[in-house]
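In structure tokens below, several structures.
Shared between the two complexes below is chain A, which has chain B as its partner in the first and chain C in the second.
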Partner chain A sequence: MRLSVAAAISHGRVYRRFGLSPRSRLDLLRNLVTALVRHERIETPWARADEMRGYAERLIDYAKRGDKDERAMRMADFWLTEKDLIHKLFKVLAPRFQPHAGSYTRLLQIPNRDGLDRAKMAVIELKGNPLPPLVRPRRDSDRTLLNQLLKGYRQDAQRARGT
Partner chain B sequence: RVSSDGKPPKFQPPPKPVIIDRKTQKEESRFLSPEFIPPRGRKDPLKYYIERKDMIQRRKVFNIPEFYVGHILAVTTANPLASDKCSRFVGICIQRGGTGLGATFVLRNVIEDQGVEICYELYSPRIQAIEVLKLEKRLDENLMYLRDALPEYSTVDVNMKPVPRMDHEEIPVNKVQVRMKPKPWSKRWERPKYNIKGIKFELPEHKMQAAQKWSQPWLEFDMLREYDTSKIEEKIRKELREELGK
Partner chain C sequence: VLVLVRSPLPRLRALLQRCWGRLERGLWPAVFGGQSPPWGPALAVQGPALVPQGVSDAGAPSLPESVVWMAAPKQRRTIEVNRCRRRNANKLIEIKRNIDVCPECGNLKQKHVLCGYCYAKVKEETRLIRMEIHKKEGGPFNAPTVETVVLYEGEKPTEKDEGKRIIERARKRPSWFVQD
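Let's turn to the complex of A and B:
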């Protein structure tokens, strides 16, 4: 009897199970969302970051409605345990993401945790944060064939323009 | 008034009143039958589009009126065994379920002290006529608790005449608080998961408090469970208007 395959089929359920109960799962994710809003870049196990991403983006969508909205304020009050961050959410993050339609966060995987569990870790950050960038986009080296040919073409064009 | 030439001033007719017909405009965009809205899932939207085309085809031939849970309807279906070849049933709509062509509604009535519930499919070709006899909404969207309520709340007169609709604007909400038979009930209606507002609970206070143990106050704040249908509804309404207008 192959019980493991049957256990891996979720039958359409998309929410992961964390903590002791559904209430505890929401509390865990709430702490992570508060930390993200406070520090704008956090390092957590990948599964928690992935789960938290959806909630963080929906929270920002609610914040975009403005702080006069009753429902938006109740949501922010529940999701942010540190109440000074409510001000930051409505006054700093909502205007920052107003031009964007969605995808306000970036999720990148990092090497496994050093402890005994070797958990798959990830960094989740809000885009447009003031910290130094995580990924530096690298240009191709100048020594590749294509780049040398392009350089030659550019020099010829310049010489032709000059004379 | 001083006239320019000493002649009486030329008669200026008053400006014609501009009639903006807001009522018909409002009615079109207000109601969308719930079986048109596709459920949340990973299915290809093409499947729902094809189903909607079939539903529109049926609606062009047969008129399905706008109705909600709590309305009193009379349905005539084709029945080969009856003498007239058709049978008529009158009852309160207690539930509307399903999406697409399999959409159903359940009518309940008490006939000769026996409660009868019949589940009809909206788009079944056996249905020959659906008439709305009385329009009234109730406080809940699911009136299954009428099974455990006193029979007087589910009885509908079979020979009832259609009540004429006063206004073309709002459907009245009947805020009746239904009285129940003694427990046990088919479901524990006092629990917060059913969120029923239309029952007058005559249970003792400690039982009501004990039922609140099963409440899940965090569910209201779980943002990913919300299904925002406004954009989908707009698209479907536009589609319906184009197709049925032809």
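Let's turn to the complex of A and C:
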């Protein structure tokens, strides 16, 4: 019966390891969260973006409580290193995401980085940002079978309503 | 063979003669049955002179006795065997079946990845918009407390863009940046 944890097994661990130490990992993610709140769209390695996403969304959930909330203000103070962004968070982002229940960010993979490491890169952005959209939503062509059937059904319903 | 044994004891002499006779006829139990090798007088030499001198020769091995024997290939691997090993399925590069054509620009893209060309277009436009934002803000740490909207040449802010900060871009609106 194994009572101790072997060095190389990491079953069930959810947090990735970044940087030089756990504190360094948090500093790295904090910088990324600050950059996301400032620029609303950043391009970074996929693992860092994935790790940062949870922290960013929880920060917005805290911001939704309102800036009078003591815990929310302390969280924003820790996570945003540039203090003018605390104003932006509570006055711009919290009202923008008030109708949303969750998932305030969008994570999309982009082609591998051009440098020597060919790292897997991703772009993470806040929904509702003023920048040009990354992916245009495509509607299915009108010629597909389902769309033709639906079109016929709509015409029949219109004719029935007309007569 | 006539053996002359001159011993003063007659009994010993008789015994020796009988032993010799038995050896001659092959009836001695020490010799194996059948043909026994012909016995004959041989030169008796002293012991140490007959031992072969192989131990203290000059051809002693140069390796010490505690050498570790390593594995080494015995035969050259033929080119047929080498080809079988190098070209079997798990050593070839896997073929990718998730490559598609981007419907916007027609370049190739992987199914789960954004199109490189379209993303480069959007990235360039974003960079120009951010340059305008930087010019408007003037310095660092001046993030506005209102939303932002980007307007191109000849566009007026609608009633939805009431309290927002307006960023002007001096070009025609690109077709892929649809105004919401």
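In this section, the second predicted complex is superposed on the first by the 129 of 163 C-alpha atoms of A that agree within 3 Å, B and C clash if a C-alpha of one lies under 4 Å from a C-alpha of the other, contacts with A are read in each partner's own complex, and residues count from 1 in each chain.
The definition used in the following text is that a residue touches a chain if its C-beta (ideal position, glycine included) is under 8 Å from a C-beta of that chain, and two chains touch if they have at least 3 such contacts.
Everything quoted here is computed from the prediction, not taken from an experiment.
Per the definitions stated earlier, placing chain B and chain C onto a shared chain A by superposition produces no clash, and the two fit side by side.
Once chain A of one complex is fitted onto chain A of the other, the partner contacts of A:Arg58 are limited to chain B, with no touch recorded for chain C. After overlaying the two complexes on the shared chain, residue contacts for A:Lys151 are found with neither chain B nor chain C.
Judged by the touch definition given at the top, the superposed model places A:Arg118 against neither chain B nor chain C.
More chain A residues lie in contact with C than with the other chain of the pair chain B and chain C.
Within the superposed three-chain model, A:Val135 lies in touch with chain C and out of touch with chain B [touch as defined at top].
After overlaying the two complexes on the shared chain, residue contacts for A:Arg16 are found with neither chain B nor chain C. In the overlay built on the shared chain, the residue A:Arg96 is in contact with chain C alone; chain B does not reach it. Of the two partner chains, chain B is the only one touched by A:Met75; chain C is not. Figure legend note: chain B and chain C, brought together by superposition on chain A, show a least Cα distance of 23 Å. Chain A makes touch with chain B in their complex at residues 12, 15, 22-23, 26, 54-55, 58-59, 62, 74-75, 78-79. Contact residues on chain C toward chain A in their complex (touch as defined above): 103-104, 110, 112-114, 116, 119, 122-123, 125-126, 129-130, 141-150, 167, 174, 176-178.
On chain A, the positions that touch chain C within their shared complex are 38-39, 41, 43, 82-85, 87-88, 91-92, 96, 108-111, 123, 130-136, 138.
Chain B meets chain A in the complex at residues 41, 216, 218, 221-224, 226.
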